[in-house]
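The first chain written gets the first letter, and so on, giving A, B, C and D; residue counts start at 1 in each chain.
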């Protein structure tokens, strides 16, 4: 008789739903000034970064999450040079951004230096050295404060935050007020892309409210999504743009843009993947329409 | 202090991965001649049918699974009249088939009458009376034996089976030999569609092997997939056709076919959903290519 | 690869401690006017009665619980004739009481007739017909109200209640006020015995508070305990007596009393067991001394 | 809504029974040459040592386990001077032994130096410095080999081993052959005490077989047990003696022996506790009698 696995990480998505991940090793367990951090090793997904009890990214499939977050916005922009990253502790966001040869400057602002250092130490393949590229600057501070103060202008802002939870470090970076600040710091063809909560039709309220709120600040806003195996979920993203509608790209244009930019190392994203992500099932389109919440500083939104 | 939920259904997808569903009520628990049957009620997904420890369909999202399985094949066929259903115990497959006005005859062959009766009793909205439609005939026997013996010819065969597990009732309905039998009973423009295992890039081997095997019997074979919330997974389907390539349909054609057939009650499937399901992410296309197993009677394939 | 058990009953004893019981079958699931009722079948313990998420008794070891609750009090009394049972839904309490030949009348007062009926239907070996003995009378009402109104006097009162939880049906039957009422309805040599919470030294507060409170109403009060496998815990009882100190019985006296009364069918209780149960480890004696809470109607005690 | 604890250690006691412990921190995770080692911190029990998935001892209640294992044998011997410890990695066994002032020499033989070092580092209160006492000698080797080779004679041997599991390091230290070797190295009044598996009446086979096997080598053998909260179980021990029957001690004699030896720091063990542990419930006495297995090198016994 074999004894079953005895170390489990249980990710609760509600009080009556959860995912169980058998843990091979606990690599790191600690608490920073802002959040609880765990790095575990699992049979199925390899190393995983967990913040406040929620899997952020996993060795086996972080490429799906990070390519999905970065490339649609980068491809939509004809010439992305100056990029800001809000959050993005693992460094993989920068790794993907730097694949676009036009990029001249990347400014990453993450509130939690300890998480960035832990990822460099325990998950080095996530950033794959990108964090030390001479074009990259790191600031450890509140990204909203940074944006208010800076005189920089950006072509693209990538928001890679933990989900908005009560007392968590990120909930004021999902509000109307924040999106207006971001809009003001974007150049004429500027674009913002952000991870935006579960795309499960049953719990799509958080995603939809972010989408609604972005619409108050931007001309063009699009939802899209990708299935992330280590989340056991289809995950939503929003891309919002001042000038170019994200809809205007088709399969062939995405492929030809990637070809022109000599980007051939992607594992997940290409023209067909783009079409998959931006074609949204009917039930989700309908669910989204029913949500009319707007997120404001004084009326923040929290997820489980 | 509130006491947490104490009844859990834990669906193991491997020895170190599982999904936990809090159970509100156990509606039914039993064992037929062929399999263990449970019907539970959950907070998130309502009533769920569980066979041999695996969720088959759930009140809240069975429409996703059943619309995905039925409508691509039905829309691909210009005039589907005679339909065979392999398995399909819940009756929802028939419900969806009958939405196409050209249908004249539906023959459903399920080995397990007890499951069909339990679904009629406890999950009546699944079949919604369709099972009693005069065009429908039910046979309780092995579907493969039926197909070998029958003199009927079909426009479409829908295979809605439990996953192939050792000692389970379905594994000989996923083999090359079975697909050749099915091919022979299909009319000139005939099509088969089948649920075909997880579409998770990490465990896509079963899906890919079914796809490979279909290619030995049919001219045109296409994978497609949909995210099923109650499975916590993106689920794969295959559609195989003697004449029409499933690829040739675009978004607009799907919408116009549904319009012509006066089908306006679908919650999940339409042109954009079709495009979503048939656009396959790059990593999955690559994973599929690496699998070269063929499933044969003497070399069956089993999943966890 | 074998698929693990997928139906689990998880009994939480705190927010970070729980016991998992694999369920073979769900026999019954429902809710009475007073509580949630489940009857499950497990590999290890056979059928189990669960009220409000807590195992009450199990086929494999209910004899331990019920013999422990009944026989010390019955043996302590020289001639127990009139017995009252507070709660005791499963009927096993009566089964044990009737083993003493001096018993002339048993009055059982349980608030929840549905539980009694469910036990008769699904757990018939618990009462083993005892409930229909001509000496037995059942009343379905609040036991405290009954005691206040009745003109009966009793030799022994057995309290077999669920644990006191907020909104639960039993918490006003563990208070000083209730114990004084009980004392007044007991004859000169009267004794009360009651199940009294976990005897785990780490969470013995509830048991100790009941013990303290009994001491306000009775001359002699003794704690004792037995390990109940299906609880994964050592469980505490209290016996309180107007005249005879429970301490005065030794191993040999218990054995000779059982012999005189021709009671030879017990599986758990005898002289050596009595000595085991009434000899209390030093750490528990010390923990008990530290607790000084008294339970009153206006200051009830609740457990997790 | 509070998110529940997400790190769980699940101790399986069979394929359908388990205990869940919420983990506050993972202190250490690794694998020695002999076994998997984890040190966790829990809310309820503080730090816990886990070997091969089984809790060995916990900060909150290791005193129960260690006092139970050591003191009955030590008190039974009129003048224990030379003690051997088989296993005993945490060092707490030595801590308890040294409380007896007659002790002149303690030889501890544990196969796994890494575990001893980890305990000294992470669980220092377990040995509380005892391991460095000048009377103590540590050898890191197979205890059976040591015993065969040594020319030492002992008054008492304490066996504090992990449970016998297949491929585990301890199963050849529970056999008839080992007990005969131990008997030969004990002085005339020599005694051996050992942890001996669960005392749960449902799974007492392992304990009983050890008891049977000891009876082949020793004149007097006694079972006894204590409830260990962090095991959620009553745990069995055996004490076997060449000359003095363990039965002959009563409550008062234990207390007076402890008093004479000036041992007043015990939290669990005293005369009443002794009487509790050595008085065995009737069902367990009967279960024990039914087991007649003998453990031999060629017919070892394994637990789950």
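Here is the rule we go by: a contact is a pair of C-beta atoms (placed from the backbone, for glycine too) under 8 Å apart; a residue touches a chain by one contact, two chains touch by 3 or more.
Keep in mind that this is a model prediction, so the values were computed, not measured.
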Which chain's mean C-alpha position is the greatest distance from chain A's?
-> C
Please compute the C-alpha centroid of chain B, do the same for chain D, then give the distance between them in whole Å.
-> 56
So, in whole Å, the Cα centroid of chain C is separated from that of chain D by 33
State, to the nearest whole Å, the distance from the C-alpha centre of chain A to the C-alpha centre of chain D.
-> 52
For chain D, which residues are shared contacts with two or more other chains?
-> 4, 10, 15
Write out all the pairs of touching chains, ordered by chain label.
-> A-B, A-D, B-C, C-D
Could you pull out which chain B residues touch chain A in their complex?
-> 4-5, 10, 14-22, 42-45, 60-61, 63-64, 199-202, 226-227, 229, 232-234, 251, 266-270, 272-273, 275-276, 279-283, 285-286
Within their complex, state which residues of chain C touch chain B.
-> 1, 3-4, 6-12, 15, 25-27, 29, 38, 50, 52-53, 304
